[in-house]
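There are structures below to look over.
Common to both upcoming complexes is subunit A, partnered first by subunit B, then by subunit C.
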Partner chain A sequence: MGIVSPGFHGRRRKSAAELPPGQYLTNDFPVLSAGPTPRMREDDWEFTVTTETGREHRWTWREFLDLPAETPTVDIHCVTKWSKLATEWEGVSLDALLADVETEADFALVHSYGGYTTNLPLADLVEGQAWIVHRYNGEELAPEHGGPARLLVPHLYFWKSAKWVHGIRLLTDDEPGFWESAGYHDYGDPWREQRYQGD
Partner chain B sequence: MARAAIPGRLAWRVARLAEARQETETARTLVFDVPDWPGQTAGQHIDLRLTADDGYTAQRSYSLSAPDRVELTVQRIADGEVSPYLTDVIGLGDPVELRGPVGGWFVWRPGTERPVLLIAGGSGIAPLMAMIRARRRSGDGTPFTLLYSVRTPSDVYFADELRRPDHGLTVALVYTREAPDGWPRPPGRLAPADLAHLGLAGDCFVCGPTGFVEAAADLLVARGHDPRRIRTERFG
Partner chain C sequence: MTARDTGTGYVDGNALAGPLGELFALVAMDVTAATGRCVNCGRTGPVAALAVYDRAPGMVARCPGCDHVMLRLVRTPDAAWLDLSGMVWLRVTTER
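Right after this comes the complex of A and B.
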């Protein structure tokens, strides 16, 4: 047990047991971004997967919507300490987007409109673990939450779920993204409390 | 070949309350003694952890409001778990745990040479105050403008310090609910007119509650500020 702060009792949350260490439950949907919210029109939106050999696979908004939709209900955990349970999304599984992509890459660098990037192992994007989502709670995804579309990788801290997603570069070597270059953990597993480098 | 040093784990350190000052009716500035504190860059934050006597813990993030010591400025959230402890309960000498400093993006360093626009909403002044103080302490001549949105005249944090002349720093207050007598601007939210006289060059730092940050950053972009030069920190 850590050092006790006298007079601190805390507000016991019933669900604390289901949360990763250091997290608290919120019913709001706080926003975390490093800059202004980019405003993208769906007509101008495009999603690209670029392989390590430079081969590009592209989807327009229409083509993206034509892919089979899934409706994941997942818990999300933000590195700023809040967690939100059973959030409801709609989008396309990365398995569908990567189905025809030939690659030997082990890593992915996700990039967004507005310049944001985040990196993760390719293995964490496949097998039903990740989606590009465009609807939240039955409605269009709001711009401050990443609309028109964002990545959703709920098993990692939420900064990995890049908002305003624009594409994914598949890489042979790991390349740190935006927060990963600014002192945050390369992998970001909330259950192992990997918030910062060295955690 | 030597590889880039891999930084060690950010360790939890015991911090004891050394000084406390009431900023406003709902906010308090706390200075902690932290042995072996590594120092910080203005704009960074720390993670703070409280432990109850049965082992229950809670963690939150707080910005450092000074560039050279572990000073936090905390607003009491009425039904909050952690902030009321910091504003109303913790006494001098009491321990908390903290680790940091954290964050390599929402930071300002002397010598950057571009003019700086700081926009604060309420408690969002905390990391911006560290930047204002870092500039003053280093004698850096970079022009700074602070646009500070508060509800009423009694909600201004660091009021005395911000009133004192600080060459090259311009402070403009925006009152949203109630303005002092004779104030030229009627109370209201930050609006395009509040930014109309400001230059477009330079770096912008915007901090406060999410709604405020969204609105202020949108106003800046609409005015033609380069979005890549707008850094934001959202408190909730």
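Right after this comes the complex of A and C.
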């Protein structure tokens, strides 16, 4: 099992000047949720990638755990203005999950158990930028934080890191997700403070 | 000002100014007394009975029967976004 730590930023304290604009530092891990917390048994969990041609790639929990694990340590930035530094995760990179997926798609629509969705360019899910994570701080990911598994895309606002992730649809045309269809930015780069449509 | 084109059979959206203004004034007085119908399960009930998730980037109000999203409200620095696509209708009582 290969253990790598891409994006390791260390544990040193950062000053506010090193946070994205408008963010404040927190040591808590606030729980934000747009609905009831799904309680998924790992035996029932499944992750699906569906290409623009309709081809489906599926992983059971066991098949997912058999993929090479990585342990990213990353800073996360919530659009509600809190940032949390050097969070430690374990999971599988999207590069590994998409390795055998043939696609010409430019966009991805991530969907979750419970109905949540979020959209982002496919280019932002690959090249060591995104993971499906199932452990946080050395423990199983708690349901309120998205367990059994969530998406982790730390270079975008954290609403893109969908909890209770169930699958990804690869799309030729961009399709807005849950918050993106109600005023939030399509891309959501915290360093450019892309919180809302038009930012 | 409303523009009426006698050839089309309809007027433009300015005609809504009065009726919608009246509606939103009534909603402003007490929206929780208004009733709505869930587009997913058909359950009808007062806005006050919805399950509201407010620890989120916006407010999300769900049907207490089926958890379907009936209303979303996002407040940005310069706009408010209201999504009522989860409701068949919203009924506001008026004076007789």
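Just so we're on the same page, the second predicted complex is superposed on the first by the 185 of 199 C-alpha atoms of A that agree within 3 Å, B and C clash if a C-alpha of one lies under 4 Å from a C-alpha of the other, contacts with A are read in each partner's own complex, and residues count from 1 in each chain.
Assume contacts are C-beta pairs under 8 Å (C-beta built on N, C-alpha and C of every residue); 3 or more make two chains touch, one makes a residue touch a chain.
Because the structure is predicted, anything quoted here is derived from the model rather than measured.
*Asks:* Per the contact definition in the header, classify A:81: touching subunit B only (first), subunit C only (second), both, or neither.
*Replies:* After superposition on chain A, A:81 lies in contact with subunit B alone.
*Asks:* Would you check which partner chain A:33 touches, where first means subunit B only, second means subunit C only, and both and neither mean what they say?
*Replies:* After superposition on chain A, A:33 lies in contact with both partners, subunit B and subunit C.
*Asks:* Counting touched residues of subunit A, say whether subunit B or subunit C comes out ahead.
*Replies:* B
*Asks:* Taking the superposition on A as described, I'd like to know which of subunit B and subunit C A:41 touches: first, second, both or neither.
*Replies:* neither
*Asks:* Mind working out whether A:159 is in touch with subunit B, subunit C, both or neither, as first, second, both or neither?
*Replies:* second
*Asks:* Looking at A:24 after the superposition, I want to know if it touches subunit B, subunit C, both of them or none. Which is it: first, second, both, neither?
*Replies:* First partner only.
*Asks:* Touching A:144 in the superposition: subunit B (first), subunit C (second), both, neither?
*Replies:* The first partner, subunit B, only.
*Asks:* A:196 in the overlay: touching subunit B, subunit C, both, or neither? Say first, second, both or neither.
*Replies:* Both partners, subunit B and subunit C.
*Asks:* Residue overlap on subunit A between the subunit B contact set and the subunit C contact set?
*Replies:* On subunit A, the overlap between the subunit B and subunit C contacts is residues 30-36, 80, 115, 179, 181-183, 195-197.
*Asks:* Okay, in this complex, where on subunit A does subunit C touch?
*Replies:* Answer in residue numbers: 30-36, 79-80, 115, 159, 179, 181-184, 195-197.
*Asks:* Tell me, which parts of subunit A touch subunit B in their complex?
*Replies:* Where subunit A meets subunit B, its residues are 1-12, 22, 24, 28, 30-38, 80-81, 114-115, 144, 178-179, 181-183, 195-199.
*Asks:* Quick one: which bits of subunit B touch subunit A in the complex? Just the residue numbers, please.
*Replies:* 6-10, 12, 14, 47, 49-53, 55-61, 81, 85, 89-91, 94-97, 102-106, 210, 213-214, 217-218, 220-221, 227-228, 230-232, 234, 236
*Asks:* Under the touch definition given earlier, write down the residues of subunit C that touch subunit A in their complex.
*Replies:* So the residues of subunit C in touch with subunit A come to 51, 53, 55-58, 60, 62, 67, 69, 72, 74, 76-77, 79, 81, 83.
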